[in-house]
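When the chains are written out, they are named A, B, C and D in that same order, and each has its own residue count from 1.
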């Protein structure tokens, strides 16, 4: 498979649609992003990395960070991961409802409630959780320049009413241990990580390589299998079924317009375009990824 | 990979647990099944079939049939499959609730409501839908002896109050066209198909072989990819996430205790044990399949 | 209190609004009703009856009939009324949802599911339930000419998909005993009763007179108190709170645009205007009743 | 009617049941209350007050205070009371669910979310809201010794996770203006008011006297009518229908075991017994009140 030419073919077919979708506007820092950014980047298991478009412009990774924090806590908790469930949420209404019906146990680690619990687990372990996250992500990406966008983190914190509601509710159920404001602070920071598509595909390479990154084992294969399964069933809000149906790759999206996908044993493939569809996933990003797996026949299924 | 010895290894490790779980008892025909049945059967893409235990005893395939009827109607409707959605249901409460909130459009073709719509589509196309189903399944399995268990079909029909409710509700929303009793009759018959594990793994081989069965194309790869994706995200009631997380294969279960899974390009693997877990999936079947993918490292992820 | 002049005062203040709201259109027989009908009728406990406007034109009483069938079965079941609850539904979504969560026990006898159970109780007791209903209503009204509109009953039956769904669901839970089609037939007939406002206020007089009608005891005071309480908390679909808040009288509405209210010990007051508000209650009827209780200071509270 | 002897008759019939139910135990201050307290107190519109049992022991009035704060803000907002709805909640699950589905507008002012909005309205108006509440309640009761139990207020504040969740969610929807912690502080204080049954029936007398208290107008009749209607449809959590059905009086309960009811134009009747039923209402209190209205025939209906 000539990945570089397949990538370019998809890129060109998508160019007429650049700008489609609606940029996230709940904080000014995201609302101001240029909607014409569009990039694709594929990292082969063999080591080569292929880019087209804006693959080297930093984007706000937002919910994509939930995979990275999960990767920090899952391996040590593989047989007792009981504070978060692993089922798709299926609920368009942002899950406060489910959380209440299900006694404060979030449906999965990729909805906000679940990611808050994962953050809480991280805080319990790390004296300096924000620094630990930076260190982990920089090591995976092989790039020590990666950092938080502090304006984004501040803005998110100031408007995080619903996440505060989720956190207090879980605290009421006994499923959050650290102080609510502390959990929100760490959470809003990891969502405010800024990375380029190239940095992202390198950071996710361990999910393609059976748990190894730059020659080191990050986690055992059993953990990798579970994270990839979670991305497939829960990685795209309440559009996970549609994404699996049309694209057929495990992955994770963020409201910054980024999407990272993995075909285990083959490649990590990222797409970025800030315009979102009504479900909150990058519209052009999904289009490009579907085209790629339809053209190449490369998908899980 | 020596599939035969891997299969036997799992089989033997599971033997001490034979009989675990609770046999479905809502109709007498299922309640009377011997709980000590246990079989595994793997069909390689190369053509070989390996069996251990009760792989040649007929079982009531129940919801596994929903994949087969979907396979009959999806290819012709691939670009306009709009009467059924493709999202996981996420709702333990059997989906009458969601169906109401979502205007009569079932969440996916594997919950009962969705399978009733698929059956309705089949009735619109086939003058003799029950005969057409038999013909399709016999051709896929290469075995013309396969038939319905008429006692099971009758019993299901007599107690199908909830399915009647679902059907009338969808008819109220305009998403069911044939007469409700006619749809239920065809539906209860295809759920009452009796097949052995060996017949089942052969019938599902087209999902492993890119749409081909016995050398003929049953459907294009695009359709296969979508059915496999649906099995992964929606094939196990509200335990689909757990199954993906632990086993990592697309598949479909039935309350008769059967489970069929597929690793595209590699194998079809079936398991049967009548005892169910509280979510309605074969308890020992799930145990065996998880052990198989953990032992061999063979899964989607 | 000069009821006649108060009634006329409200009537005249309301005339400019005649025609407001939207006539029910789910069956042709209701859709064809002249939207300019408007009448008020008050029956004093002392015996006098005062009418203005179209108080002698027959209207389709629809859900108002649910009070009458409840009155037929409640007295004998006062201490064991367990197949239906007595709580407001609070759910705009027509209660299929609640019915499922609450194991087939309807929230109250005035939502459709509850009225179907009441009808089922009536069928269990009466060999000829439709005739028994006619006899009961004619006796209360003192008018033997009252009957069903058979075209309305047929039309309702033909389109009763959602009620069929409710009935089959309750049958699945064991909370419906007669055949579903039989229950629907009786139910659609009593909803198709045609009565004038004058007939209606006379029929409801026992709820104002402590259970007595034309000098006979229809039911004990304990039963009257409970029916009036149910009308106040549950008589206006999911607008019961608003009606209590603004009008402050127990009552029952129907999609034919009729509303009957009771001030125990004082009067029965009916209003009719076919135009409905978005919650399904007569828009002008509610306006007139609110004006009446605000003007006179006569309400429960 | 000889209220004193009727009250005594009910009291004596209830004595064998003293201690039934379960004392609220979510904070130590409530958990420690002696479960054998039991009192009744009736204040006639004519002016006489009749007591039996522990009518002069202070109790934690808890949610009963929601009527008093509503009385402070409703009159000035009678025609634009739009930040809170007036419908029964019908939801056993504490309303976080409904609040989300209904865009942050609480169902009514007596569920916690609604009372928090009412408190927020009070804070917007009063520079010193806690002092203003004390002043209002002392004036209504004619007793300047009434105060907050500060230990109870502190304990409630420390454990108010779910109320914090509600408040942050409403703030996210823009339906809460003051700082969340400030709203909770005032809210937890008014719930921590300590009053005797005698003080309470005097404080509620304006709802029996058309808005007048000690000869002064507290609010117009239109406002009284609406508060009484709200107490009837929403005053007893998700047991409001049952209470209306069995007792037939508007009223409000608190988890301290107090219940205050009103028959407009006749009397205010209070009951106190700390043991609660599973719905959170005083078990013996409800028994006594039902007996009183059944014995005397005095109820709204």
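Methods note: contacts are C-beta pairs under 8 Å (C-beta built on N, C-alpha and C of every residue); 3 or more make two chains touch, one makes a residue touch a chain.
Since the model is a prediction, treat every value here as computed from it, not as a measurement.
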| item | value |
| --- | --- |
| Chains touching both chain B and chain D, listed by label | A, C |
| Proportion of interface numbers common to chain A and chain D (over half same, under half different) | same |
| Geometric centre distance via CA averages, chain B-chain A, whole Å | 32 |
| Cα-centroid distance, chain A relative to chain D, in whole angstrom | 48 |
| Interchain centroid distance [CA atoms averaged], chain A/chain C, Å | 55 |
| Per-residue multi-chain contacts in chain D, two or more chains | none |
| Residue ranges of chain C touching chain D (in the complex, touch as defined) | 85-91, 98, 107-108, 221-222, 224-226, 228-230, 232-234, 238-242, 244-246, 248, 250, 264, 293-294, 297, 299-301 |
| Residues of chain C defined as touching chain B within the complex | 93-94, 96-97, 100-101, 161-162, 164-169, 171-172 |
